[in-house]
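The structures considered in this document are given below.
Heads up, the next two complexes both have chain A, just with different partners, chain B and then chain C.
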Partner chain A sequence: MDTATTARKYQKNQKKILTKTNIMLYLMITVPLLLYYVFRYIPMPGVIIAFQQYSLSGFKYWVGINNFNAIFSTYFFWEAFRNNWVFVGFGYVFVTPSPIIFALLINEIRVRWYKKSVQTISTLPNFVTWVVIGGLFIQLLSPSTGYVNLVIKFFGGTPIFFMSRSALFPWLFTFMRIWKGVGYGAIIYLAALSGIDPQLYEAAVIDGANKLRQVWHITLPGIRNTILVLIVLSFSHVLKGFFEPIFILKNPMNRSRSEILDTYIYTIGILQGRFNIATAVGLFKSLISMFLLFFANFLSKRFTEDGRSIL
Partner chain B sequence: MKKTKILCLVITIVFALSAMLTACGTSTVEETPTPTATVAPTATPVESEEPVSTEVAKPDEIDITKVYYFGDSLDNTDQKVNYEVWMTEEYGIDFEMHYPARNSYVEVINLAVASGDLDGIVALFTPQIVREWKAEGLIYPLTDFLADNEVYNTTYPEVWKETYSFEGELWALAAGGDGVPAMFARSIRGDWLDTFGLARPETVWELYEASKMFTFNDPDGNGIDDTFGMTSRNMWLMQDIFQAFDARMNHVADAVPIWNPNTNVWEDSMIKPEMVECLTLLAQMASENVMDPESFVHSSTVAKNKVKSGYYGGFFYWDSWILSVESASKTVFPEAYMEGIYALKGNITTNINQYGIGYGAPMVMTTTTPEPKETINWYMNIFYGSAEGVYRGRYGIQGDFIGEGMFTLSGTTIYKNYYLDSEGVVRGFSAPGIVGGHPLYAQGTVYEIVYNSPDADWNAATTERVNSGLLRRKVWFDEALAWGGVYLLPESLKEPTSDKFLAISSDLGAAAKEAIATSFVGEVSVEEAIAKYREVAKTLGAQEVLDLANAEIGAVTGQTY
Partner chain C sequence: MLKRSTGERVFNVFNLIGFFIFTCLMLLPIVFVFKQSLDIALAGTLNISLIPKTPSLVFYKMVINEESVYRPFLNSVYITIVGTSSSILVNAIGAYTLSKRQLPGNKFMIYFLVIIPMLFGGGLIPTYLLMRALGFIDRFAALIVPGMASGWYMILIRNYYWSIPLSLAESARIDGAEEFTVFFRIILPLAKPVLSAIALFAGVGFWNTFMSAIIYMRDPKKYTFPVKLREMILLQNDSDQQRMEDMLQSMGLDPNKFFLTAEGLSAAMMIISMLPIVMVYPYLQKHFAAGIMVGSIKG
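This part shows the complex of A and B:
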């Protein structure tokens, strides 16, 4: 086949949606698209339940925005709403920077086997479910049999019932999130770090820059875009992902600081069968998430080098 | 621009399709067929091998949803399946058993009933849930379906019918009970009391003193500071302490408005001065480790294990647990034995702990059941129409010969069968527990239970242990009954019946539980905890619940939030 024929065929194929080459790709993407449609789009009109009186037996009558009035006048809702944002705030202040710092530290390790070992060990907790991690920490922090309190008692201290101290809960939860995710979260930053030209460091050393200066002037600017993109992308799902750990760690003593919107929805929707109220809370949460998604898109356009948007 | 148009078109189509698919779902409002009178299927109590129904046709299948069917959902899978198959073959009806796990039972049945997928007979937990389901139109009234059922009319006890009858209609069958009091009692290590020369505590303050001794004076004498006074699980396993102060919990240990038998007034214990006294003592006990500070974190199973393994001196639980905890403790500490306390005196000395006569869980029939009349009639005939049926529902597969099946019925003797495992240890079968106890006619006939394992010594020892244990329990109970420590709580006064109560009881209970838990561990002071509770209760409109409940019995409350 001569070059001209190949070129013609290529141009012809370009106009076709389905070709021999890409049909397999389309087939492969069909299944995820179908799943996405079934589980994300088909249930979507169900949000109308937020405007209905709807209970275990189904639709009763339309109530307008009464369900929203009901939730906004509920003490427990605002408590859960506040706690959600506390965890989000703690996340951005402590959880987000931790893999960056961890990656920077690992990057400085020169002993290869040690570096690999630390990376592997620190990544492992990410693959342990929250159920196990929750149980582990509840046991570790037990005032009677937990190792932490045994150490405290050994040094003459009074045992602390950590899981009952509601003021401690956001800190404990943040610590668990860091412990679980720091190793795995560092992988992407380590990949970004490997892309920085070593000659920059060599030049800096010649110029007399110490380690901290090198990190400040070379390393961090080198991974700046990666950090920004990850932070911006995280905005769209800031309110997600807390249900499982909170469900496991929550108890009546720390409830005032541990209840979040997801667990509140579970309690009133699934346990109490008040689906209309639960849907109203869920819709409210989705609206906030949607706003944050547009905000993330705006930030992405503004801060990425080529002004890319994420939508 | 073109791209945007295409995108908009695609999104519109997707939304339209979604809306159409959602709309195509099952109708949310379904016609509830009116039950028609039925001619009774004939069923001969006691003698009948299998109930014979000539008038009501057999349903194709009977679906039963219940918790603890041959243990929890993942236990004894072979027994679960074998029973279903055996019942199907025995009666020619497809028995479909559904057994969600205990800790997610409510969630599962709520979702199932909401989606219209919950068919057949369903075990619920409380009369309150029956009322809720009734109000939602999720269950059939059973009166008309069973109007001409001979078993229902002649055998099924009247008192069982009354248990779940509201506004003149039967809404649930009582799974059945032996007519014995169903109640909690405090278990306390008797051998530890003996060690310190202490008598069985009679007051809440004596209990505190004994528990302090257990915590600080090494009752097991092992030289290690590893024992504690008592444990609990939420308010469940320490209700007697609240009641002794006259800061009562309801029959499921929720701190929601409750009827006080001494004053005949519905009251909210949380805002009584006695609650402050009670919580102050509990907080002190928790801070001293006399009461397990982890009581609001661990499960009932963990609480039981803490007592069984000899670390904790006792708790307040189903009275049957006095003996089962004792048996378990004896395997580790042969000298261990438990004392039972059915009520502790405190601020009050009469009508302290409530009890009910156990007639079993409410078994309702959902409105999505395909053949409702046939299903409920055959359910009635199979499980209550003969002695075989009762024990098949209670103990499982029936054997024709002694030692065969899970039980064997011979005349009026029930042989509960056991077997030896590969290590020669006697093992028993779990039970389906569809029927909770004999109908009254069976009690009248007096069925004797014989422990039947290949090990004759084990049989004799078990019989002796069970009989003497039951006798001990009876003595303790009769004693408390005699001095007025326990009282029979009428079904109608278990909880307020107003819609307002149904609407706020969960939130109100959660607020109370939080107040108790946080003050218990010293997270906040008792006064702060109660003040926060008052605020929440006021917001929820709890005053209306109190006022309505009292108006119903012609009483007036002096309590305000």
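This part shows the complex of A and C:
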């Protein structure tokens, strides 16, 4: 058989579904499909527990929306709900802009090795687990042995037990989030900045524009689309990613300002065994996330340059 | 070269100084905890130096000698090695199927692996009940198997497969090679860059395994290193203090003269936990772009 015939045969086979090649290909993706089916899809119908009386011993009877009535009349639920949104809000106001400012400023540094070292150091914490980050700051802020309080004492002040002051918690947590993420977050903006045509700046200088004007009229518009895309994408996971940091940073003294929905679900579900209530909170949270994902998708289609969709 | 105005030069100087302070702030928590992990000096005198007054490796020795500490460490090493290698294998093979655009069902697979799980999920409790029913409580499988396949990783690998010239695979096929052979002999060796990137990101993820271990591991013998570290950070109890005093005495040191707390031990554990990440960091840096892609590409 000559090669042309083989090639033609190959192309013809592409139209049939169960060719030898296709079966082989389907087999190759069996493991991921199976794993996803078991660990992602089997738990999905489990959310009906939210409408049942269900405890450690299993299903008892249906209760309709009573579990939801129960959680909506619980003070601690609303507290966790509020804290969750406070962290989200602080995130957009302080954490989101920080890598942009970082990128704009570090982009001005002309000393190569200096720029590189700053970036290397500030990007590392992104890969360190929150347990370690939390531990670092708990030790740094410790009232008796922490460095911050040592310095305060050194200058004659009274030590502050930072981690137990609930009012300080959102600020401390925000600071840690910036500390962990600023360097890594800046990478994508620095990439966008390097894509701006240097001739634009040269032209601006000839026109007599100072640095600030250059930033306002060239730099920011140049990375506007990147900022927009990232903000829109972030809507799809606003309530995610808080479990680990809060789990390590939460203590009985700051709990009123640190408890979030995820840790609340863990406490009442895994620790107290009230599976139905915990599932109801979880379902409520997923409904919000789902709505936000659709919203983000809508915004992305509407406002990004290429109108791309997330879903 | 453009001429710089006075204002600009002043800005540059302040920018350089500002970033110096910023870098110090970034380093302070790590340097301080590093000092804590090496220092057994009795606290009391105000000492804001970051150099240990009485340097000692006693905390690191404790990590090595204390079974309740080194076992979680070994557990994390095990999870990282097994998890990363199996995850690479599963995702690399699966991604090849995803790379066949003409394959019937391709779109369904993307929906099944990426889009639908993004929208719907059982949540913590139904997943926990499933794991319990599977008998995964206190088994490392609970930490490895559910995270083995990742739709996002597969898409990233698939995109890389697409960049490999088709002609290479075509010529092998015309020579009569099976699809599986084409994949293993031609595609896989060429995909090394993306696979090493995924290996690094998955490896860091497995090394940092915390949340699932908190939920599924009840037996302290099955703790991962971060779980043990959290325990040390939160429970700096009397029994630990006693153990440390015994330790000091056995080393011929007077416990009253030294300040040996669980803080020092957790400091040493934090440094040890960061060490592997610092070690792979230079390689990670090469793949930052890929890492960012994981979070931002669509199916």
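By definition in this document, the second predicted complex is superposed on the first by the 273 of 311 C-alpha atoms of A that agree within 3 Å, B and C clash if a C-alpha of one lies under 4 Å from a C-alpha of the other, contacts with A are read in each partner's own complex, and residues count from 1 in each chain.
In this text, a contact is a pair of C-beta atoms (placed from the backbone, for glycine too) under 8 Å apart; a residue touches a chain by one contact, two chains touch by 3 or more.
Note that the structure is a prediction, hence the values are computed from the model and not measured.
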Touched partner set for A:M44, first chain B, second chain C, both or neither: both
Partner chain(s) touched by A:F275 [first = chain B, second = chain C, both, neither]: both
Which of chain B and chain C A:M253 touches, first, second, both or neither: first
First (chain B), second (chain C), both or neither touched by A:I138: both
Which of chain B and chain C A:S73 touches, first, second, both or neither: first
Which partner reaches more residues of chain A (counting touched residues only), chain B or chain C: C
Chain B versus chain C as contact partner of A:I188, first or second or both or neither: second
Contacts of A:G64 with chain B and chain C, given as first, second, both or neither: neither
Contacts of A:G307 with chain B and chain C, given as first, second, both or neither: neither
First (chain B), second (chain C), both or neither touched by A:L105: second
Residues of chain A that lie at the interface with chain B and also at the interface with chain C: 42-46, 138, 142, 144, 251, 270, 275
Contact footprint of chain A on chain C as seen in their complex: 2, 5, 7-8, 11-12, 15-16, 18-19, 22-23, 25-30, 32-33, 36, 43, 46-48, 50, 90-91, 93-94, 96-98, 100, 102-105, 109, 112-113, 115, 117-130, 145-146, 148-149, 151, 154, 173-174, 176, 178-180, 183, 204, 207-208, 210-211, 214-215, 226-227, 229-230, 233-234, 261, 263, 266-267, 270, 273-274, 277-278, 281, 284-285, 288-289, 292, 295-296, 298
Chain A contact footprint on chain B (complex, rising order): 14-15, 17-19, 21-23, 28-29, 106-107, 110-111, 113-114, 132-133, 136-138, 228, 234, 289, 292-294, 296-297, 506-507, 510, 513-514, 516-518, 520-521, 523, 535-536, 539
Residue numbers on chain A that touch chain B, as the complex places them: 37, 41-46, 55-59, 73-76, 138, 142-144, 161, 163-166, 251-253, 255-256, 267-268, 270-273, 275
Parts of chain A lying in touch with chain C, wherever the complex brings them together: 3, 6-7, 10, 14, 17, 20-22, 24-26, 28-29, 31-33, 35-36, 38-40, 42-47, 49, 105-106, 108-111, 114, 117-118, 120-125, 127-132, 134-140, 142, 144-145, 147, 150-151, 153-154, 179, 183-184, 187-188, 191, 202, 205, 210-211, 229-230, 233, 236, 243-244, 247-248, 251, 262, 265-266, 269-270, 275, 278-279, 282-283, 285-286, 290, 293, 308-311
